[in-house]
Amino acid sequence: MEKQPLDRQTICNRLAMEFENDWVVNLGIGMPTLCANVPFGDRDIILQSENGLVGYGPLAKEGEENKNLVDAGAQYVTTRPGTAIVHHVDSFTIIRGGYVEVTVLGAYEVAENGDFASWKTAGRKGGGIGGAMDLAVGAKRVWITMAHTTRDGKPRLLKRCNLPLTAVGVVSMVATDYGLFEITSGGFVLKEFAPGYTPEEIQEITEATLTISPDLRKFQTRNK
Amino acid sequence: MEKQPLDRQTICNRLAMEFENDWVVNLGIGMPTLCANVPFGDRDIILQSENGLVGYGPLAKEGEENKNLVDAGAQYVTTRPGTAIVHHVDSFTIIRGGYVEVTVLGAYEVAENGDFASWKTAGRKGGGIGGAMDLAVGAKRVWITMAHTTRDGKPRLLKRCNLPLTAVGVVSMVATDYGLFEITSGGFVLKEFAPGYTPEEIQEITEATLTISPDLRKFQTRNK
Amino acid sequence: MLGGFGPPGMPQNLTGALLRRGVKDLTVIVNRLDSSWSAADPGKLLERGFVRKVCCAFSASPHPSQVTEFERLHEAGLFEAELIPQGTMVERMRAAAAGIGAFYTPTGVGTEIAEGKEHKVINGRTYILEYPLPADYAFIRATRADTFGNLQYHMTQRNFNPVMAMASKNTFAEIEESIEEPGCLDPDHIHTPGIFIDRIVKIPPPPEGLWTFPSERRDR
Amino acid sequence: MLGGFGPPGMPQNLTGALLRRGVKDLTVIVNRLDSSWSAADPGKLLERGFVRKVCCAFSASPHPSQVTEFERLHEAGLFEAELIPQGTMVERMRAAAAGIGAFYTPTGVGTEIAEGKEHKVINGRTYILEYPLPADYAFIRATRADTFGNLQYHMTQRNFNPVMAMASKNTFAEIEESIEEPGCLDPDHIHTPGIFIDRIVKIPPPPEGLWTFPSERRDR
């Protein structure tokens, strides 16, 4: 079987497969927004954005943008039937108040205890917190989508995070270009692997110790 | 000169004379609402009510009531050009946040240190706080309109309140059926007296010691 | 939680259903236990003995000369009452909605309300610590809805209803005018987003729907 | 305070006036010191050296490979930056608006943000204490206004603007579409009541009014 790390859209599709009907879902800036490109079928997924969008539609087509309608990444999006607009305070009431079923965020590092780091890189004075710290403590579930290693091959699934934390002990699922991982009280559990890779090969590029799921299977690419 | 305690409308007119252009004014339930009956002339007075009315108009005429438009006393009122509706949380943001220039409230007792009591009577288990405690600490000025004595003639302008307090040290002006009183660091100052009464007669029905204003004059009944 | 401030926004139809159902041992969070606007006022729950505890801003008549049924039952010790300043009440609801653990408010400092509470001086001003006030259920009333649960209120019907919808696990809304398809309400002008609403029901027009109130009560 | 989240709601005309005026030693409270949407972005205040302190939710580019002018100046120590989680930032603004002395939030617990702050365990969960964030001036943008100062925003233009209007002593609003007579806006659908607004100004249509933005930036 050919070894093939997963592409970004495939990784995000996998997380989006887990979204359940009627869930309020918040997607972080960057890679996580790809989760919105998935056809949800008969599941009604309510996308929420921290700038006050509750239940928005797909990206606006070129030439059809409403200049006053953007998502958290400042991309032009659309309304859908039922969209509601709230101001920033109420938006974070939704977020911190526990109304978001899942937030999918990017990260630099995730640790086996559920900590993650996403706002500050080594040697930089500034950082970009945005709404991530509020989402991380407020959403019922925090899932991370990220590259499995840094550009120079260093692991990002760690025993403990090295970078400044975004939140403590909140991550329950991680999808990378090498597989799908659950975080349990026992640490990372490898649930699904990228085509052609063995658990041992994935462990090699992972600092934390991986437990292998008894239901280990190939990375899923279509809805259940 | 005939001795004549002031009627409720005259007392309220006096306080309303002090409202300045562009002031946000909150009127308590009962007697204070009479302050709204005053023609404000070229002063634009923005009446605010804790159930979310910002800038409302006069009482609704019989038969023209909007069933969903009432003031804090559940009286049917009207909108005016510029009326805005907010929900209860934002209404108390206005109140506690210091946007109300003056609240006129009723009271059972006022003390010379600016304390007042308005929510619980002696020997009763329950009470009615409503928005009074928030108004008392939030409004820039707290003015009281009340009968000078109890029904059995006991004074209500006191050295210290006997009843449970609504707020501490906030009252700056009191209008009763016997006169207009300022509260300063030195206690009550008699500023204006009801027709025919001498300061000594007013002192007799007042527990607190009255200072007589150097500008003492008859109770004013028309705008400056 | 029961919405409404005076009759506007009172969920009289849902409260009526609760009365018929006869659920006992309720903790009721409401501005005031009114009982004289209609046969389905929140105070009726109390008079029927369904209430274990009340959180409210008025536990006595505003006129000291009057004694309400609420007070008679309260004096008799038939239920517990927690009296809360109205602004503190809605702020506590908002804290529950917004995941705020507690907040410092100046309201009530130096009064009975502050007794036993944590005090803190911030920038020279004294505040007391207040905690969230959540609920399992909120009953509210609105004018229009869509089937997604988005709500619009008319005039002072709004009052407590938006914050109660946010502060409670389950919110049921009775709708006066119409329930529309999603997309019929302007996204810019939705007062309560549907994600806070669990059930909506169109109420019949008056008198059955109890959305008018005797106008002779205006002097109350 | 400068409103806006991305271009919608950014008061570019008022910020432009501030740039022309050249007021120095500003403390700027803004979500992000953007500088690439237009010539009157908040970041331009920084680049021109008018800023002493920044309170923001982003003090670096979201892409670690990029380094913004903001960061270069920040690393050089030319101004002070306070980095605040976005939800904590708006909650602190709201506290300033609402007379709340401080509040406990779970956001940032266990991170650098929590260092040196009071901690409290409430119902088994840890919170940190955060204080109000007020301002002397807020510049915001809306779609419609009446001469009383009541405002309506369109879509996500709303964002920070309502809370900034409430949290600042003086609020100036630039208006995209129209300024109407009082009474022209439906009282049920006013997003910011006029009592929070001190000055309004109608801005010219684009390009002078800077209310469009290059659509090639959508991928940013």
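Chains here go by letter, A, B, C and D, matching the order in which they are written, and residues are numbered from 1 within each.
Here is the rule we go by: contacts are C-beta pairs under 8 Å (C-beta built on N, C-alpha and C of every residue); 3 or more make two chains touch, one makes a residue touch a chain.
In this text, all values refer to a predicted model and were calculated from it rather than measured experimentally.
Engineer: If you take the chains that touch chain A and keep only those that also touch chain D, what is left?
Structural biologist: Touching chain A and chain D alike, sorted by label: C.
Engineer: Greatest Cα-centroid separation from chain B: which chain?
Structural biologist: The chain farthest from chain B, judged by C-alpha centres, is A.
Engineer: Between chain A and chain C, tell me the centre distance in angstrom, where each centre is the average of that chain's C-alpha atoms.
Structural biologist: Computed from C-alpha means, the inter-chain centre distance equals 38 Å.
Engineer: Report the inter-centroid distance (CA atoms only) between chain C and chain D in whole Å.
Structural biologist: 33
Engineer: Can you work out the whole-Å distance between the CA centroids of chain B and chain C?
Structural biologist: 27
Engineer: Would you pick out the residues of chain C that each touch at least 2 other chains?
Structural biologist: Within chain C, residues 91, 94, 98-100, 105-106, 153-155, 158, 187-188, 191 contact more than one other chain.
Engineer: Mark out which residues of chain B touch at least two other chains, giving numbers and ranges.
Structural biologist: 79, 85-86, 92, 96, 137-138
Engineer: Does the chain-touch network form a line, ring, star, complete graph or other?
Structural biologist: Topology of the interface graph: other, matching no listed pattern.
Engineer: With touch defined as at the top, which chains are paired up in contact here?
Structural biologist: Contact pairs between chains: A-C, A-D, B-C, B-D, C-D.
Engineer: Name, in rising order, each residue of chain C that touches chain A in their complex.
Structural biologist: By the definition above, chain C touches chain A via 94, 96-100, 146, 148, 150, 166, 181-183, 187-188, 190, 193-196.
Engineer: Name, in rising order, each residue of chain B that touches chain D in their complex.
Structural biologist: It is residues 24, 46, 48, 54-55, 79-86, 92-94, 96-99, 137-138 of chain B that touch chain D.
Engineer: For the complex, which residues does chain D have touching chain C?
Structural biologist: 91, 95, 98-106, 120, 122-123, 125, 127, 131, 152-155, 187-189, 191
Engineer: Chain B touches which residues of chain C in the complex?
Structural biologist: 5-9, 57-62, 64, 70-71, 74-75, 81, 83-88, 90-91, 93-94, 105-113, 143, 153-163, 191, 211-213, 215, 217-220
Engineer: What does chain B use to touch chain C in their complex?
Structural biologist: Counting only chain B, the residues touching chain C are 29-30, 49-53, 62, 65-76, 79, 85-89, 92, 95-96, 108, 115, 120-121, 124-134, 137-138, 164-169.
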